[in-house]
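Below you'll find a set of structures to go through.
Two complexes follow with chain A in common, the first pairing it with chain B and the second with chain C.
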Partner chain A sequence: MHKRAYTGLYIVIAVLAVLPFVLPNSFYVDLAIRMAINAIIVLGLNLLIGFAGQISLGHAGFLGIGAYASAVLPSHFGWNPVLAMLAGALATGALAALVARPIFKLKGNYLAMATLGLGIIINITVRNEAQWTGGPDGMPVPAFGLFGFELTSDKHWYWVVAALLTVSVWASLNLIDSPFGRALRALHGSEVASRVVGVDVVRYKVAIFVLSAVFASLMGSITAHYVGFVTPNLADFFHSIELVTMVVIGGMASVYGSLIGAVLLTALPQALATFEGWETVAFGAILMVCMIFLPKGLVPTLAAKFGKGD
Partner chain B sequence: MALLDVTQLSIHFGGVKAVQEVSFSIDPGIVYSVIGPNGAGKTTLFNLITGVYKPTSGEIRLDGESIAGKSPDELARRGVARTFQNLQICMNMSAVENVMVGAHLRLDRNLIKAALRLPSITRRDAELRAEASELMRFVGLDQYLEARADSMPYGALKRLEIARALAMKPRVIFLDEPAAGLNPKETIEVDHLVRKVADSGITVVLVEHDMKMVMNLSDRILVLDYGKKLAEGTGEEIRRNPDVIAAYLGAHA
Partner chain C sequence: MLAQLLQFLFSGITVGATYALAALGFTLIYNASNVINFAQGEFIMLGGMLAVLFTQAGLPLPAALLLAVLVPAVVGVLIEKLAIEPVKGAETVTLIIITIGASLVIRGLVQVFLGKNTHSLPAFSGDTPIEILGATLMPQSLWVLGVTAVVVVVLWYFFNRTLTGKAMLATSFNRVAAELVGINTNGVLFMSFAMSAALGAMGGILITPITLTSYDVGIMLGLKGFVAAVLGGLGNGLGAVVGGLLVGVLEAMGAGYLSSAYKDAIPFALILFILFFMPRGLFGAKVTDRV
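Take a look at the complex of A and B:
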């Protein structure tokens, strides 16, 4: 299983390396950057949903904390962007850890409701604290600088995000095929069996929830600096759903499925823009067809069909 | 000294008294069977001792230390392993990975080290994979070393559970109906396997309906009926006990 899994990593690296030289213009570079950012978030979310079998309908909230930390702390308090990003990640991790214990006493629908509520609370906070966040209008984000070097051009952003994506894919593959990862998958497969072999299931659920929340927060910061502007939409419920949809369409418990899901769902609205007003209908229709014919998601279904196994 | 000492153990689910004031003790190194009609409370007793349920009252001691109400992972640390009557296999994993999960507590579970794929982690995992394959051969699953759990037949999965429990390197293993649903040939194989496990020095506690197997294997037998202890003793004593014959064996004769 695992040897073949790493072959995919080389393909990812090759594609990322070649892409900027074949993309015709900056519109596509921008799209590629957005895809890669989403892919990293979805990788983290898939560890939680696909591998550990838990759910979060509030991940955009964590993304929002990171994004607003990177917007508010440097603008209002003159923080270094790197420090602001880390502070956002730390705050997200602390919040996730704090709420995770009570949340993971819940299962199924209740867990979904609790995470949904958490995401909405974060979104409302961001909308209402207008003196800090600009409220519904959002606020500009200073450029990302490190040691006097400022990240401004799309090409530079591309390489940064591509490197982050490569590391994330590698780390996810490593994690899954490790004692930690096996414990995660085992508590998904049979919670009682994993408990009797000694897995402290709550601890593992909390750990992966915090990890995926921190992933989202860091990428929220990156998004904020890259776009140069944040709005509360980044942290809203629909964005949370979009992220979960990427996991499901790409394939639960599939690292490469996460990438495919993120790429497709980032590209789809652009591709459907020509439908003028019908794009939401077309979007919904495509999702429905996917779920009816590929219920396990694109990558696992296709892998099973061609007898490869993921 | 007894390995396991159970005194006046009870659990009530609302008005249902599933286990009532049951007492017994198990010496190390023996095969101890728990028998009784369906609904007698055998699996509930297992769930109590392995920490899945918390007892309403009573005491459970392992090596003299109280373990009543401790969580399953704390019991796993103390060398208590079990299998399940209704299979609890992780179908999202390969067969050998299921066995590897059994070694969870013996491994470095650090998240950061795992994400960085440090050589210490991969080396230990490679050793463990070999060890898990060895255990699969021990339980007679040679042909499934590369299989996915969800592609294996029922009988093989029953043994995979035993292999996973053995990967914990337990001191005592609770087997909940290891032969249920197996054909006669498979049952004999499981009979031999349980013998092998016991011979390796692990104390075996067995719930089983196959009387031939129970009488073959057991050093001592506990009989439960309606959650209460009906009798306890060697196979010969149980066979002759009039209460047992009336309540249980008599039904089959």
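Take a look at the complex of A and C:
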């Protein structure tokens, strides 16, 4: 299992290393960057949904906190972008912990409700506080600089994001095999049984929820700096759904499934753009068909079919 | 002072009745299958949009309204047959995504065939406001409240006095036990989708003369219906109605006295607050896990 898991990591590294040399133009580089950013968020979300069995329908809200921290703090208060990014992550973590503690004593649908509510409140706040956030029109984000070196070109961004993705995949694989990961899987399997063997269920759930929220916030900051502009759409309900869909279509509790899901669903809107007016119908229909025929997601279903574990 | 308070109360109860109908829809499907149907809001939208379409096509009002309830009910049944029944027993999140997919399909189709414009429906019995203690009440509000009240009474009768209703209740208590005593639980699931789609559509039709409608009103209305259902304790019919009215009234009060810009955030702030202190909603049953 260990060996096979790392084979996947080497493939990811190889693909990421070769990709920029085979992509025909900057449109595809841009697409690859956005896929990688989504993949990192989805890795975190999959730890929550796939491994711990909890649902968040408000993750785009956390993304939004990170993005707007990186937009508002440097523009209005002259903060260093790195500091702003960390402040966003810290605020997100604190908020997630505050909300999670009472909620995680509940089950599935109530958490879905609470996270959904939180996400919507964040989105409405961002839309309304126009003097800080530019309201529905959004606002520009200053360039990201570190030690006097400014990230501007797509190529630079590509390598930064590719490195982050590699580290995230490696960290996720290790986390799953750690005692923490085993505890998570145990509580997905049976909460009562894991409590019996001494797993502090609520603490683990809160920890993984906070971790995935902080992941989302950091990537929100990265997105904001990369695109150079933020709008409230980044934090809306539909984006939360997109992220959850990436997890489920790729495959719950599958690290590589997260990557596949992120790649496919980031590309899908581009592919559907030719359907003029029918995009929403097509997107919805594809979601339904995937879930009806592959309820466990692509990677686990295919892995089961060809007889290999993931 | 009093007039203003009454005014907010009237508009709150009116909108709240729509939330209550949506929340009842969530409750019915949840009880039959444990599915949170995120397409519920689209039934509200469909009801309003189809009522507009059929009346503009020249159908007499009663026929148009009847069709605008029946068509969404058929859509609900189709979703159940094609997308929910085949994956029975799948994970909650899989089911959530299927219903969200269904809602996108419905919204997308309406957008393609009926356009993105906002539509209104003439009020059923005129626009002459009724004055009560200085506040005004639109006759349409009486329609909304009247129909909602009738629906609640009919549902109560259905669940407590008819065999089909009792079968549905039995299924919600314990699916396996219900099957063992010969209840057709697939039939129950079928019924619950038809009924909740029809309930949502009714709410959508009734409220359209007051709030207008367009292809995208379903998202917020549906989510607020979900808030109402959770507020009342997910799965509790009476709770759903009380939850709906409460969400409507608090939203109207908050918009009136605090901030109209944050009107849409109020139900969600409310539910977070409630879940903090009353984790099972106002009337949720205490559940014990069987190992």
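Some points to look at:
Everything below uses one rule, namely that the second predicted complex is superposed on the first by the 310 of 310 C-alpha atoms of A that agree within 3 Å, B and C clash if a C-alpha of one lies under 4 Å from a C-alpha of the other, contacts with A are read in each partner's own complex, and residues count from 1 in each chain.
Note that in this section a contact is a pair of C-beta atoms (placed from the backbone, for glycine too) under 8 Å apart; a residue touches a chain by one contact, two chains touch by 3 or more.
Bear in mind the structure is a predicted one, so any value in this text is a computation, not a measurement.
Within the superposed three-chain model, A:49 lies in touch with chain C and out of touch with chain B [touch as defined at top].
In the overlay built on the shared chain, the residue A:186 is in contact with chain B alone; chain C does not reach it.
Contact with chain C, but none with chain B, is seen for A:102 once the two complexes are overlaid on the shared chain.
Looking at the shared chain after the overlay, A:244 reaches chain C, while chain B stays out of its contact range.
In the superposed model, more residues of chain A are touched by C than by the other of chain B and chain C. Residue contacts after overlaying the shared chain place A:197 against chain B, while chain C stays out of touching range. Overlap of the chain B and chain C contact sets on chain A: residues 190, 192-193. Touching chain A in their complex are the following residues of chain B: 50-52, 71-73, 75-77, 81-82, 84, 88-94, 97-98, 100-102, 104-105, 107-111, 114-117, 121, 125, 148, 161, 164-165, 167-168.
Remark: chain A residues 1, 170-171, 174-175, 177-183, 185-186, 188-190, 192-200, 207, 211, 253, 309 touch chain B in the complex.
Those residues of chain A that touch chain C in the shared complex are 49, 55, 57, 99, 102-103, 105-106, 108-110, 112-114, 116-118, 120-121, 124-125, 128, 190-193, 237, 241, 244-245, 247-248, 252, 277-288, 291-292, 295. Chain C contributes residues 30, 36, 82-83, 86-87, 90-94, 96-98, 100-109, 111-112, 219, 223, 226-227, 230, 234, 261-262, 264-265, 267-269, 271-272, 275-276, 279-280, 289, 291 to its touches with chain A in the complex.
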